[in-house]
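The following pair of complexes shares a single chain, subunit A, combined with subunit B in the former and subunit C in the latter.
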Partner chain A sequence: MWYRILLNRLILAAVTLLGVAVVVFVLVRVVPGDPIAMMIAPGASEADIQDLRVRYGLDLPIVQQFTVWIKGILAGDFGKSFSLRQGVVGLVVGRVPATLELAGLALAIAMGLGVGIAVVATLARGRWLETLIDNVNGLVLAVPDFIWALVFVLVLGVLWPVLPISGRVDPRLDLDLASNFYLAEAFFTGQFKLVGHLLTHMIMPAVALALPLAAIIARVMKGALQEAMLQDYVVLARIKGFSRLRIVLQEAMRNAVVPVLSLTGVQFTFLVGGTVIVERIFSYPGIGNMAIDAVINRDLPLIQGLVLAFAIMFILINLAVDLITIVLNPRLRHG
Partner chain B sequence: MNFDRRQVLKTSAAGFAAASAFSLSPLFAADDGTVTIAYNVNLPSWDPTVGLSTVNPTIQSIYRSIFDQFIGQEPNLDFKPGLLTAWGWSDDRKQVWMDVREGVTWHDGSPFTPEDIVWSLERAGKKETGNPIQFVWSKIGNFKIEGNKITADVLAFEPTLFKWMSFLTAYVMPKAYYEKVGADGFEAKPIGTGPYMVDKFERNAFLRLKANPNYWGGKPAFDTVIYKFVPDATSRVAEVESGSADITLDIPYEEFDRLKAKDGLTGVTTPISDIGMIFLNDVGVMEDKNVRMAAAMAINKKAIVERLLRGYGEPIDTLEAPQYAAFDASIKVPYDPDKAVELLKASGYSKDNPVKFPIQTTRGLKPKDYEMIQAIVGMWRKVGIQAEIEVYEIAKHYELRATDKLAPAAFYNWGNAIGDPTTSTGFAMFGPSPHSVWDTDDLDGMIGPLWGEANEAKRIAGWKAVDKYIAEQAYVIPLLQYVQPIVYNNKVKIVPNVAGAPEPVHMTKP
Partner chain C sequence: MRRPLLDIEGLSARTADGQAVLLDVSLLMGPGEVHGLVGQSGAGKTSIAKAVLGILPRAITLNEGSIRFDGTELIGAPAATLDKLLGTDIALIPQDPMTALNPSRRIGAQLTDSLRLKAGLSKSAAMERARKLLEEVHLTDTRRILRAYPHELSGGMRQRVLIASAFALNPRLIIADEPTSALDVTVQKQILRLIRRLQREHETAVLFVTHDLGVVAQICDDVTVLFSGAVVEQTTVHHLFRHPRHVYTRALIASNPRYDQPGASLRPISDEVIADTLQSLDAKGAS
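Now for the complex of A and B:
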């Protein structure tokens, strides 16, 4: 059955991508701000301005522009960036690894923190610690990721300067890596000192991104755990004399994790969206940071390419979550 | 699974060991030969002659570090020899001549030749190359090389030709190398003849430069220059405050005052070639001279600078800053709210029956831009002008300006790093210019003949007369000359640049 679900999801993904392509294409052309107006030289004449429109294909009717763009995409050509004067595919593919690693690290932190807090809160049920955790969790949930980012910059970058504020690596460093997945490659090739260095650059933006998600995970996980703790099999485990920690981790966790996983999949897409502003604050060279420049410069091909990249990431994340949920949930697995 | 205290301790120890393996100790030693700049703009492209980034004045600091210009420019905007050591017009203005510097090499070690100059100028003059200043470069042609002297025919007289040779897109490119590697190869590995060579570039993150040991102007003070691209102002403040960067610029004035008071940090400000102004469009109520004059006279620019910008700005009454060739200190528009009331009364307006129009402004693009317009609207209200603020993005401003659809009043800023009046008053106020929204025959009639005026003294005098007339007619409301704040630590000494882009070659060790 799983392959049928997978096939359905893939067909849906293709339709979704086409929809995103249409929406972004139209949207970037109807929002205020003509990209050609930003390129006009001081002494340009009307003919010069028209030449620019022709050069960038913006003189064509919008339907024709869309057809040209889609044809290009099907041939693997997403166009050339107006501002960076390079192929969009190369630019986006070159930057996606940085964002994926940051988002992946943030997710891992969010999961670890969220689950850990939920377990502690479940164990501390009815005591002052649970109240404290609930209140702190509420506070963390209320503060957006970019505020956390600014707080970290000020506290850990300036007041107590223990972590670097900007970039993905120190500019003085010469990397000997074959891919743009710096962290993964350094880890798998055993360059642990470099891994540590990369983590010092990633930890602040990753935690800033992770905190709101961690708070959501903690809240949902705690609810699911506490519900599971009332089930018969848990009561049986108690009668058998298992410790409370063991019951939570071994008995309740397995059932509690499924709703949390689904929620995390959805929330992770928001986390990836949050990289736009957080990457900017930390001057982290991912696609979020690039997207801001693209929008400021009205770089239509690059905006379109970046939005599609985000859409593909969202679709893949949700697909992965669906598949993991199927694996974990026998009722779904067996139809 | 049982968890007891011993297991927890074991797990903790394993975690600590793992953390030690991922040591956070630095991978390199501190280096006094390196200067790090937290810079406010990203570098989009390496070709300094083609594309959007080439007309961004701030990026010129990077380009000027790697590439040489035909003619050099001092930080105070004075011109100096660059790769051309001498230049000039023939007496009849039908030819130009240029002497080319000898003994210069490109970063790859190949010799620089007059062919590089000619190729760069010819390439810049071709429309299909996409040089935004092509309208200047295309005005000379038929180049001839004799030894180290180049001559060319003047196809259309452009009095500012040599001034432009030190400004936007006026960079000498390596003919042989570019033809060999192509545009993509050049983007991947750019070379120039400048004081620094590109060592490592990570887009949106940083640029690392190494000193050019063979630079014709002498080896620069710092062996390594690092530009960190930090567009967020708060992060730039943090960079310099934490010591992660040695220099930063264009930070909020409040932060500038705070940082310069700290031990180990120095602050310097310099007026730069950037003017904050209110464009007036010749539509609706702005066709009434009394309304325009009242709008100009009701603004207390000194108070705006002192109260909003903490004194960092120079009130100004023309589009020419004091560093520009056609600056005329006698042109003044007085702050006179009583006169403004009188003028409005003559046109039938009063506080009870105010003249109404929208004013557009950016918000956050320039220091306190929105707040300045808020203050101005408040001042106007007191004399009988009711302006409604519309916030627009920079892209929208360009679109509206190019299509002559700006609101009757619209705030923006205007740079001019060659200091020539054509680049300030000219392009901003000449009707046929795509950047002007004031289109009236009287002004165009005054400006038109000046574009091709061969007599320099007469040309500058003509522009001064134009500026005086504009002030008398209130065709535009210049507000202030911006002041650039720069903060740096005790590892470096810098020379601010009036062009708004401090250059590493002017940075020295204390």
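Now for the complex of A and C:
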């Protein structure tokens, strides 16, 4: 059962990735902008430009370029960045942990906030507090993540400067870390002062990314909880004389969480997409920020590598959501 | 009669748009008695049960009357009083065993939570007690059932689990809301017998909501016949079948299918009887 789902997903993932590879490969070559022009000083001779074109294989027909690229990937070589003159794999792998930690933190904040608000709204059913929550929620839902990011920078970074507004760590800090998962490693090696320091840098971008998702989770979760509260088994629990909070958490939550979870999976991919702009605003050294540089520089191999990295993250997120759904729903486990 | 266990007096309820749901319903139950609430759908029998349990839908408001349990007024009682009584002294056997168990929690967890929370038993003691309860309702392989999820059990088994759960804390009053109507006929008989036996052993009073007079004859001591939210007749079961006083009761009894007369056609309650009954209720309301 488990391995069958996994195998299915792996095949599907391979097909998806191939599709993404084709689309991104064609797209970056169709959009205007010449990568060679970005590399070379103005006024270079036509012969020099042609020389570079040949060197990077850009003179070949597009189909042939593609097969060269794919052959490289199958051998583990994603090419070399035009602008940074390093292997794409090393560049992307070095940056992915920063984005994963930011997105993970944002997801945790979004789920905590969203579920918490939904529970409070359910308990406050029919009172003014529920109306207030609904209205604030609608407001938050309407504001995109990068607006929050700009507001935070303005308020907490400039007007009342309490939080750092750029980067992942203070560059003067001497880090004693082996991996690029700074937050996780600092936490598990007990360097809690560093954890705190990292969090001051991550909290604004993370909350900016989290708020729209939190509002969506709160809205859907509240609906699911209120529907679950009408189920016979919840009414029976009320007749057993349990407290409202216990009933919401113990009886309603687990059955309400399943629809919320599948939605969160889809929405989380939007959150990861949102890191591109939010990382830029906070000069956060993740792959989103790198992607913008890569596009500006027309760095074709790097753009391709980054898009594939995003695609792989999306696929893994959806796989994880499906597996968690099965764990949470005993009726699916035996099917 | 000894001090009544459940004393409903002059209970009236209506919907938000002013339609009467219950009209001046009074009902008295002593400890250990089984009282049947009979009537067609919409007669108000389930509304009475829900009013006692405090779970009437928002759209229905109680505007008059009182419900006293062992002397304590339940209408408008503080939540703490209700939470203490519910589950411990008053329990429910629900109508539909397919939906009354939480699909994502194991039977053991659902059966032990009130034992742990209300009776303060430890986890292992509660599990042991739950196992004994399952034996009491004639379930075998109790250890497997405690670990099972509801979807792994049949309807009859689930209803037995729910009955075990209702009797778990030895309540003084159990409200049985059509507990057999969602089950097939062969299982119905067993479940009725089971409720009757446990009720006698534990000396529990049962308010038995049903539309089935056959069930009333089998299990109840007293009976209240309801029509359109009002009491039509209230008497002992013995009396009801021997000397039904009200025309509606007679029609209701006559409409019961007779298995001892194969081939006899069913006799629906005629419009005439319904009109007469409504008229008599109006007359009562006017007096």
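One rule holds in what follows: the second predicted complex is superposed on the first by the 332 of 335 C-alpha atoms of A that agree within 3 Å, B and C clash if a C-alpha of one lies under 4 Å from a C-alpha of the other, contacts with A are read in each partner's own complex, and residues count from 1 in each chain.
We take it that contacts are C-beta pairs under 8 Å (C-beta built on N, C-alpha and C of every residue); 3 or more make two chains touch, one makes a residue touch a chain.
This is a predicted model, so every value here is computed, not measured.
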item	value
When subunit B and subunit C are modelled together on subunit A, clash or fit	fit
Partner chain(s) touched by A:Ile281 [first = subunit B, second = subunit C, both, neither]	first
Touched partner set for A:Gly112, first subunit B, second subunit C, both or neither	neither
Partner chain(s) touched by A:Asn255 [first = subunit B, second = subunit C, both, neither]	second
From subunit A, separation angle of subunit B and subunit C (C-alpha centres, steps of 10 degrees)	160
Touched partner set for A:Gly138, first subunit B, second subunit C, both or neither	neither
Touch count on subunit A, higher of subunit B and subunit C	B
First (subunit B), second (subunit C), both or neither touched by A:Ser243	both
Touching partner for A:Val235 - first (subunit B), second (subunit C), both, neither	second
Which of subunit B and subunit C A:Gly19 touches, first, second, both or neither	neither
Nearest-approach distance, in Å, of subunit C Cα atoms to those of subunit B in the combined model	8
Subunit B and subunit C footprints on subunit A, overlapping residues	243, 250
Contacting residues of subunit C [partner subunit A, same complex]	53, 55, 58, 82-88, 90-92, 94, 96, 99-105, 110, 113-114, 117-118, 149, 151-152, 162
Residues on subunit A engaged by subunit B in the complex (per definition of touch)	32-46, 48-49, 51, 55, 82-86, 91, 94-95, 150, 153-154, 157-158, 161, 164-174, 192-197, 199-200, 243, 245-246, 249-250, 280-285, 289-290, 292-293, 296-298
Sites on subunit B touched by subunit A in the complex	1-3, 21-28, 31, 34, 36, 38, 42, 44-45, 47, 50-53, 55, 127, 130, 132-136, 183-184, 187, 200, 202-208, 224, 226, 228-232, 234-235, 238-239, 241-244, 392-396, 398-399, 401-403, 423, 427, 432-435
Complex interface listing, subunit A residues touching subunit C	126, 231-243, 250-251, 254-255, 328-331, 334
